[in-house]
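For reference, the structure I am asking about is given below.
When the chains are written out, they are named A, B, C and D in that same order, and each has its own residue count from 1.
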Amino acid sequence: MHSALQPVGPRAELIADLMLLFFAVSAVVYVIVIAFLVWAIMRARERAVQLGPAATAQADRKSKVAVGVGAALTVLTLAGLAASDFIVGAILRQPPADPLRVLVTGHQFWWEIEYDDPVPGNRLRTANELHIPVGRPVQLIFTSRDVIHSFWIPSAMGKMDLIPGRTTNEIIQVSQPGTFTGQCAEFCGFQHSKMRLTLHARPAEEFDAWRQRQLAPAREPQTQEARRGQQVFMQSSCILCHSVQGTAAAATVAPDLTHIASRRTIAAGSLPNTPSALASWVLDPQRIKPGSRMPASRLPPDDLSALVAYLTSLQ
Amino acid sequence: MSTSGVRDVTGLPTYTFGHHSLMWWGTMGIIVIEGTVFVIAIGAYLYLRSLAQAWPIGAPPPDLTYGTLNTIILLLSAIPNQWTKKVAERENLKLVRIGLIVCLAFAVAFLVVRAFEFGSLNVHWDTNAYGSIVYALMVLHTTHLVTDVLDTIVLTVLMFTGPLEGKRFVDVSENSVYWWFVVGSWPFIYATVYWVPRLP
Amino acid sequence: MCSRSSEPRERATAALLSPYRAGVASVVVVMLLLCACEREERQFSAQGGSSPSAASMAPASITLSDLQPGVSTQARRGERELEVNAFSISEGQRLYEWFNCNGCHANGGGAIGPALMDDVWIYGSAPANIYATIVQGRPNGMPSFRGRIPEQQVWQIVAYVRSLSGQARKDAMPSRTDSMQVKPRQVALPREEPKSSAPPSGNQP
Amino acid sequence: MTSAEYERERAEVEKTWAEKPGWLGQLMVVNHRTVALRYLVTTFVFFLLAGLMAAAMRLQLARADNDLIGPDLYNQLFSMHGSVMMFLFAVPVLEAMGIYLVPLMVGARNIAFPRLNAFSYWVFLFGGLMIFIAFALDIGPEAGWFSYVPLAGPEFSPGKRQDFWAQLITFTELSALIVSVEIIVTAFKLRTPGMTLKRIPLFVWAQVATAFMVLFAMPAVMLGSSFLISDRLVGTHFFNPAEGGDALLWQHLFWFFGHPEVYIIFVPALGIVSEIVAAFTRRAVFGYLPVVLSLLATAILSFGLWVHHMFTTGLPPAGMSFFTAASLLIAIPTGVQIFCWIATFATGGRLRFHTPLLFVVGFFFIFIIGGLTGVMVASATLDSQFHDSYFVVAHLHYVLIGGALFPLVGGIYYWFPKMTGRMLSERAGRWQFWLFFIGFNVTFFPMHILGIEGMTRRIYTYSASSGWEGLNQLATGGALMIAASVVVLIANIISSLRKARTAGDNPWDAPGLEWATSSPPPPSNFVRPLVVTSRTPLWVTPHPETVIGLPTGIRSVLVTRVHDAEPHHISVFPTPSIWPFLSAIAVTILFIGSIFTPWALVWGAVPVAIGLIGWFWPTKEETATHCKYEVKPPREAPPPSEPAELRL
């Protein structure tokens, strides 16, 4: 369920209402104009070959009035629509009280999400999944590390571009719990199509609990296989790009994997987060997302399954 | 094919000067296009400046000497230019030849000083965005200058060698109109390149 | 009024034909551009011999001496890529930064590690030499990236490193990056004739 | 005057205006109608190719998670489709209509600056060939027709793909700018005596408004693409935020051109609608002055809208409100024109429902939807949802296909007899119309819904879970219907060309001057210029007064005054020449060379200079002929306000 006309928050509702207003006015205008056109054509098909000059002059006087009235109505309609746009725009621009601040950074082709906090240790980094508390406005602060992207969750908010060298921001507020999807709206390269994201709205307590869990460093591998998987991780190409909090892996050019197993999807919403999907993604990401930034890792089968065991243990 | 009547235009001139000639309209067309380019380029300059913390970025403003000298040369060149236009419209071949040569002398002097100007901009096109836009403005104007100089050279040679007919004087006249554009656009570019960086 | 102008069909044919004539004229351009294919290809994953094995990850056999007589097929592939392919050089440029090569070599000017923009090559300037240097590591600080960087990505970095001193095709090199400019423009750099130099403190390779 | 004398004059004029024979002569053509036909055929071929690209994309999108076309090719396909349709089809094809019709409609013997006109065609052709050859060699543009930086910049688009795109812009803008100047000068200075400003045909006004838009809009994108190519080639920093540049600078430059571009495509089509409506209702369009003012207002307002393409870039709210208001404002002149046409239908004579009119009626049904969705995307608030979604894809195709292509096809049916002397089949025309009309709506209407449901533009695939598959399949089916309608059009044209020339001078009993001459017209368009006394000259008299006294041994064209179209002087028009062709080749070498090295601007300028000097340099014979007929302008006195008028 994702549609700009099925809004899940007060702000998206306002936009949806405005949209319905524009649709309704447009439908009325269309019907009226087309009705006049059809009427005029029907009349003209039955008429004598040509009107005389006197009849034409008389008809022109009537036409003058009709076109004048039409133009005036057009102006009034547009003024009304412009006013409603300005009003809704003004409401949407009002700064919310006590918003949660979340920094969103665009990358080819994934979303870096960081929850702002005065305490550096409480700043939480994750990727491709935006978790927010129901009812509380969330201020998203956008920038990009490479090219221009655009953040869009149709049922919850309009778009906002992520532009390198600039910061933009937008408010998102959701009034019912649920999971909503969105995706990058500004063409950003090969995998623009698979630069997706999900929004998880949940009650405040649940959100706080999630946040606490995510803040914890990565859980130590429990099984033999997972421990071997951790070794594979640390000694292969994974460590050059990814980070796992609490280990030596601290690179920031690719998604943070500290709690990867808690996410529902991988590869920016391209695959479900299952062990087999994870394995095929690690083995050959270019088959799933050609042109994505992750290279194939060519691990032998037992290393691969160990690695997947480690990653799925990162709850 | 008999018609209701005819209208005789025998004896109308086969060319004309000024805003009735098609050449004038063509020249104006080019001037509108190029003028728009200059306006937008200056707009881009001011836009980049509005974004910058400090302007100019990482370089001192261009040295004033050569740019100012060139402004004077260019403004002075308008005098022989206008005179040439006048004598061309009187179709005085001898004076047109003299006028064109004087105009060329000014143009060459300007081009020589322009070379020094590039040396005193204190920035390169690949230093930063400021350098890029300064070079863009300077290269744009220089391109117009060079094309008009070539145009003038060709006209001058033609005036000496022929073949000539009356409407070639229209070409000389319109060449002067175009030079007016090159002259008239420069003060704006000069002000932008040399004086905007000196604004507080 | 009847016109004596040519048959419209002929004229339409002529209008149709003239593009072809012009097409003939542009054959020269086509010839010039034919070399573009190699430059423009975007190769997302390594082709050929795609059996995922640890062996291909660790070309331990590549050493300086081994390579002098005959270059392996991988090396030849990598070499071709590096000479002509814009995407490889561009990917190499990104990975050079992502894998923190600039941490030691800066942006080619050198700092902790040696400069890469000059004409001095301690361990050889051939693609295979640079490949070996990255994979094996070198004394005095250059770590081994064996197993860390997949083969194709190493070749991309090799391509970029060689482009730093002008060894790559000019029309395949990017003019600049979207970052602070800390080195002269690459395409403006002179092509350095590679010289070899003895490694510091007598560590013969 | 006896008819023998007239016949002799006719033969002399025809000889003077004849083109050169042979294949070399084909390269030297300066006749505006031949050049226009070449433009039309070339743009139509480009249209077909870009249409095939669209069909390929529709096939890829017909199924979720389809892997028919990978992202690399798909990105090139949509970049080519957009760029080709905009730069190599929509703008030049409507300009070609102007090149063909404006001189005929104002009663001139050729377009102003005919050699430049020929040059513009060659430059256009070479630019088009360049981009298609580049695409075939895997150097097709990959960052969209809008080429946003930094994606199109040196770091994220390696190789030369975007450089070819930037030079495509240079080629096409150069030719478009040249044509605009010609059309303005033709419309203002070459009008036949009596065609005062208030008697200029509406199509010509539309072309003039368009030409002015081109003059002011295209320099912005030429400058922008020069910035882009210099960023990519010589490392300037116009768009590098780390060095003081800005990614949005590109968007401002591009959309300052890009929005007027929409009106550059659509305003000439409004002119076609006016001509067809007038002809088939047997009355001049109601409200000449409001319609002309609406065209001019559209041209001016179109420059105040560009930021509505940037509503999601986080610009200051005050600016957004301004641009919302301006964007809504432009609906008013368009509305006024629609009302005037409806009034024309309501008050005209009996309607003759031929194919051209059918397409115009289709235009109303489709374009009004596009206009209304345009009002929606003009709202900054709503645009935050619509922007870059399939809703916009639907909107722009409703506007451009409905607003420009339907009238254009109608115009082709309408003027085809004039261009070829043959009628197109009415029956095939109706088939084509219904296939096109239904196919179009089936293709593009579902995209409105897809956009609202979150489908973004420029994606090469989507997942099955998105729920977009059904509507996408429907759209692909519609695309096949459109393809079928194009096949019908081609078949119709080909079969008509095989038939005899039976159309006659004025098959539609239309009022415009273009119908006063034979079909196709003689080399000089008119044996003698005609004198006009009304907006609908041929409805006043099928045989208007003619002008005599123009020398027949040279290509003499009557130049009139701007406001009252009274004869002022005679301009001697140039003869066929190879130099425009050679100069275009030199320019092509310079443009393509500068993709690879900035030095091409230096060494490439040499052949260009040679070409232009060769072009300008007068030959002895030519000068001698001119001198024979030369009449010097009066000295020290203002030009005659009233020329010698003589009735025989």
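To be clear about the criterion, a residue touches a chain if its C-beta (ideal position, glycine included) is under 8 Å from a C-beta of that chain, and two chains touch if they have at least 3 such contacts.
Just so it is clear, the structure is predicted and the values come from calculations on it, not from any experiment.
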Higher-contact pair (C-beta pairs counted), C-D versus B-D: B-D
Chain closest to the assembly centre - both centres taken as Cα means: D
Where chain A and chain B are represented by their mean Cα positions, the distance between them in whole Å: 51
Approximate Å spacing (C-alpha centroids) for the pair chain B, chain C: 44
Centre-of-Cα separation between chain D and chain B, whole angstrom: 30
Interface hub residues of chain A, defined as touching at least two other chains: 146, 164, 190, 290-291
Chain B, residues touching no fewer than two other chains: 1, 126-128
Touching two or more other chains - residue numbers and ranges from chain D: 72, 150, 155-156, 231, 234-235, 237, 240-243, 246
Those chain pairs that satisfy the touch definition: A-C, A-D, B-C, B-D, C-D
Contacting residues of chain C [partner chain D, same complex]: 1-5, 8-9, 11-12, 14-19, 21-23, 25-26, 29-30, 33-34, 36-37, 39-42, 86-87, 89-90, 93, 171-172, 174-181, 185, 187-188
Interface residues, chain D side, partner chain A - complex: 70-72, 75, 143-144, 148, 150-151, 155-156, 241-242, 246-248, 281-283, 286-287, 290, 312-314, 317, 320-321, 324-325, 328-329, 331-332, 335-336, 338-340, 342-343, 345-351, 353, 361, 364-365, 368-369, 372-373, 375-376, 379-385, 387-389, 452-454, 456-463, 466
Complex contact set, residues of chain B against chain C: 1, 126-128
Chain B-touching residues of chain D, taken from the complex the two chains share: 1, 3, 6, 112-113, 177, 180-181, 184-185, 188-189, 193, 215-216, 218-220, 222-223, 226-227, 230-231, 234-238, 240, 243-246, 249, 252-253, 256, 528, 531, 541, 543-551, 556, 558-559, 561, 567-572, 609, 613, 616-620, 622-624, 626-627, 629-635, 639, 643-648
Contact set on chain B toward chain D in their complex: 1-17, 20-22, 25-26, 29-30, 32-34, 36-37, 40-41, 44, 47-48, 51-52, 57, 90-91, 125-133, 135-136, 150, 154, 158, 162-168
